[in-house]
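Several structures are given next for inspection.
Two complexes are shown next, each including chain A; its partner changes from chain B in the first to chain C in the second.
Let's look at the complex of A and B:
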């Protein structure tokens, strides 16, 4: 020690002070989190972290979600809820990043099926007791847990009944003398008619790719009339080459591509861009799900558009076995509790409140934001879009229960979406598409 | 002072914090990444099964998308070197010759793309190149060239070219800045002497400016290749690798495999190869440009 010069001693001292300082910083960090833990029972505030895929808090589902949160905070002044939101695709990616670092969120929005499966395998979401959610308080419709159940264990609750429809602009159809399509042939005719007038026939979020998957599943359903056919193919119980409905559906996608049914920029359009195209009256139709019911009451959209918004069922195939009432419906979006939560008890209280039939379900329906997965009462003041959507759901002869792209592994989802993206952006034949889909199934 | 630097303990103590930081933020992640690349795990925290070299054999021998992504990244690197950098050098010389107020103004203008956020650049080009509302197609319409109209970023045939154009445009300012600094460092006397000897214009710059810029060029070549390989944000925000993989780049592919397809182990194998490719490219570009600095 004697040999150390002043400089060396000074540096050692500095290091020592720095390390003590950083240790102290860690210590105070721990201290604050312990006091947070205790605060649940006391008067001091508890802050819950809520992660959602609804960045627009002023209209539609985002408004409904925020309303429930505000209700809860009002009734429980000791609770503060920190809401973090991101748009759909960034949301999915950030949730995986949160999962990787075991971020202590309390409640998060989840996508049932493949996405949730990964969270379950990482132990990031808490198991729920389905018995607790039976009965009047929650009023869930039968069979809605399917995409949230893994190995017979429930990990989340659905927030909506999701089903694919075609939103259309009544004025554009009337002004151009185009018939609202009820068959696939008429859909192509409409596409051609609008193209001739220089109007984009149908808007779709091609950059996100998943709408292609829903459309393909819808077409297979229309040709085969069998809800389980495509799910069986993914389960490897049948092959894409074995049933000609698969080929017919792929051939129709080819016709869609050749007729340029989608907007010119469809491969670079994300969700928002495809929606804007439609809400600004630049596209005659939008292929999307029932969760967009809120467009009819969203005051941020032009009045003229809202009055001309209509909804139709996906058209039937002239030579197909499926009917208009076979509905591609599932429960995709929902909520789950995060296992690394710092306030599990407070989080559970809020979660149960959120999922009560008189909270999310009622708010979402009353504000016209979405069609809930729980029983709801008609109030009589529904928008026409809501009424039509209710009719479509109530009159459905069959429902699929799962979205095909989410039915397999995340890898399968990625592969099948890319296969469809490739098909739409090249001159690939329907047969090649089928073999690409089969490869995606085989490699999952 | 001398005694301190002869003392091994002191040296160790000085170097230790830096080394520790380097190890924790650089070496450890690479090692962990290497470990995960031999597994088929879906994400950190999920079940880990060792699969040996499966990920690597799949990647190298059965994954066309990986090779496509690598090819595109290298194409971008070549685009930087062959298109962007000559233009940068040309403009650096022009700027230098301009002098006065105009030099300052243009210097600022050329650097603007570099201070704009990548998100803004991406969204801006998406709108400019939009097939229906975009300015480019409207311009083509205006001059009667509507046969040349395209969904620039949305068609497989034009997407990669458009993407390269955007990236070359966006990185132009940085390249210019480096070359401009290099040009400014060249003594005016040399040009005067050359002019006395009867050299002028293009020939003078080819024989004097470019050779004297060699050290800058050497650094820039390496940086260009690494930038190309690491390209991620603009692609992710505009096409996300589409349409149909036509603008797939290595970093975007890696990201999507890890976070969209939940193939975390596989993505880590890509990242290990990624590191190797980057090192290799750096080594090669260093080798190619390792001439002794020209001195006058």
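Let's look at the complex of A and C:
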């Protein structure tokens, strides 16, 4: 009996050790296989690590990104590109973890502004030479580096031009005899007209909060005509109380709230909910960015909706200094090279290829996934919506270069968004909103 | 009178059952809709044309089979380790007499209060240094660590209700300590063990945040990543995501259905004899 128990003990122990050992071996096997690849250089096989926030590789921007990667691998058979993707929030968290452990990624997607600034301060991303990206091959639009430049040094390249417009349903406007608004007064009139008919005037993703921030910046721009005013306020060069445009913009938000311009229970609607409300023809307008250019050609959406989709610029204020052509545009997303890369030369080659005007910019535009930050040629097969969006961008008299909510620290973004969210879900006065915004600036 | 009471009870239970089943029905229903049909006014929506390709997407683009294999491996090893450790630990704490026993028991039980995600970044730093990120073991270790305290707690409560005389007579017959634990005690603890297995399974089957932080290689990813494969920067392919969730929940439903009776026993038994 005793013998048996010894045997049992031995076998259990062996089993336990073996299982741990083999599992650890699994891990180290995988680890060593990459390091083998990594140690190669020159003509031998090279594996680049690419980190992106676009997990869906079969549609939209993810498809565009994957297409460029596939093109490159086809042209350079000695290079393998390991793509790791996570959706927005997990992506941001993991990038921070990678930064703190100095993970040897090669190229990563970055959000310009505060997030990139953190990476720059940690020395995790490589400085780029802006001179190299001048000229025909890259063709960047003027002023797109703003969110990627710190202390006059460039650390990343933008991938998109993001700008706010109003998408609208032509049929709903025509059937109800409502004029497509070009002034803020007309916007409120349209809101009242649709409310009377029981149609939600404008859909917005209130739960995500950031659309409120864009709208407020847009309104300040319309009243002041000065793109830098709100950015200066965030830089503490001026105060919210010092310029009446801030108050007027807040007052207009109050009118929007009182006129019930947004759909019912808009504070619980996230991006998808607000979009589907609009695409299902239940809301007449949707306040959103240029990255939704692909809606007009997205076959998952009803045919009737796609034919009636229109785009207009954000209306002007009757008593404001801003014009229709002052565009709230910024460059949020982009790519950067990681300084701890194991193959800086190969990474640079791919990075330059990716950012060439005929790669990312062309692919993203052709698939309708986004409006690039580079000059692109119209192919002639664009949808009406894409053409209008191009006109809006090309004819812009001025662009902001930065989105106000992303201009400060992450804490500031939280604070300013919560202040706006609180304003829309309560009866707070515009004056109180202004002081809340000032507090957010002071505490950043 | 009795008949009427019976119908009332039946109706009541049917309502409760419907409430419990509704999320599942809703999940299956919308997995056949296209993304554009979501967020409509109707609670359930009969798809105009069932979107079977959602399931094709889930299987192919969601890399379902590969991730399922990884999830199974991680879960099975975690469960095995949890069961063996909890069983032996609880036996050592309840039946064996040794110094500082209650101190260590308390320390171990404190582990129940630590949420797994509070350990995320420290673990990441440690595993990084040890080279355990990007390996199955990097997930199995923390999953086991958080499951063992609760498992030990459940098993030790149950163990107290088992009469000592059983072990005494086994010992008289010349039974070794290992045989007592694994052949005498373990079968008696079956309902409690099943409960431990099922709760551990559900915990690691659904865990995402830790997996997303520790794993970079596609070859190691677990099932919750599959849902992620259909997320765009702003909006997502909801139909395919729902199809993935239906497929993901099937193993969980099967396990629950198989062990259902044991679980209810495991939760209640041992409570009375305290």
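What to note about this one:
FYI, the second predicted complex is superposed on the first by the 344 of 444 C-alpha atoms of A that agree within 3 Å, B and C clash if a C-alpha of one lies under 4 Å from a C-alpha of the other, contacts with A are read in each partner's own complex, and residues count from 1 in each chain.
The working rule: contacts are C-beta pairs under 8 Å (C-beta built on N, C-alpha and C of every residue); 3 or more make two chains touch, one makes a residue touch a chain.
Note that the structure is a prediction, hence the values are computed from the model and not measured.
Contacts of A:88 after superposition: chain C is touched, whereas chain B is not reached. Using the contact criterion defined above for the overlaid structures, shared-chain residue A:97 touches chain B and also reaches chain C.
Shared interface residues of chain A (contacting chain B in one complex, chain C in the other): 4-5, 8, 12, 93, 97, 100-101. Residues of chain C that touch chain A in their complex: 34-36, 38-40, 57, 61, 77, 84, 121, 124-125, 128, 131-132, 134-138, 140, 174-179, 208-209, 212-213, 216-220, 228-238.
If you check the complex, the residues on chain A that touch chain B are 3-5, 7-8, 11-12, 15, 92-93, 96-97, 99-102, 114, 118, 121-124, 200, 206-207, 209, 263-268, 282, 409-411, 413-415, 418, 421-426. Within the complex formed with chain C, the chain A residues making contact are 1-2, 4-5, 8-9, 12, 16, 19-20, 23-24, 26-28, 30-31, 49, 53-62, 82, 84-88, 90, 93-94, 97, 100-101, 271-273, 275-277, 279-280, 291-292, 300-302, 333.
If you check the complex, the residues on chain B that touch chain A are 1, 3-4, 7, 9-10, 13-14, 17, 42-47, 65, 126, 130-132, 151, 153-156, 238-240, 242-246, 255-263.
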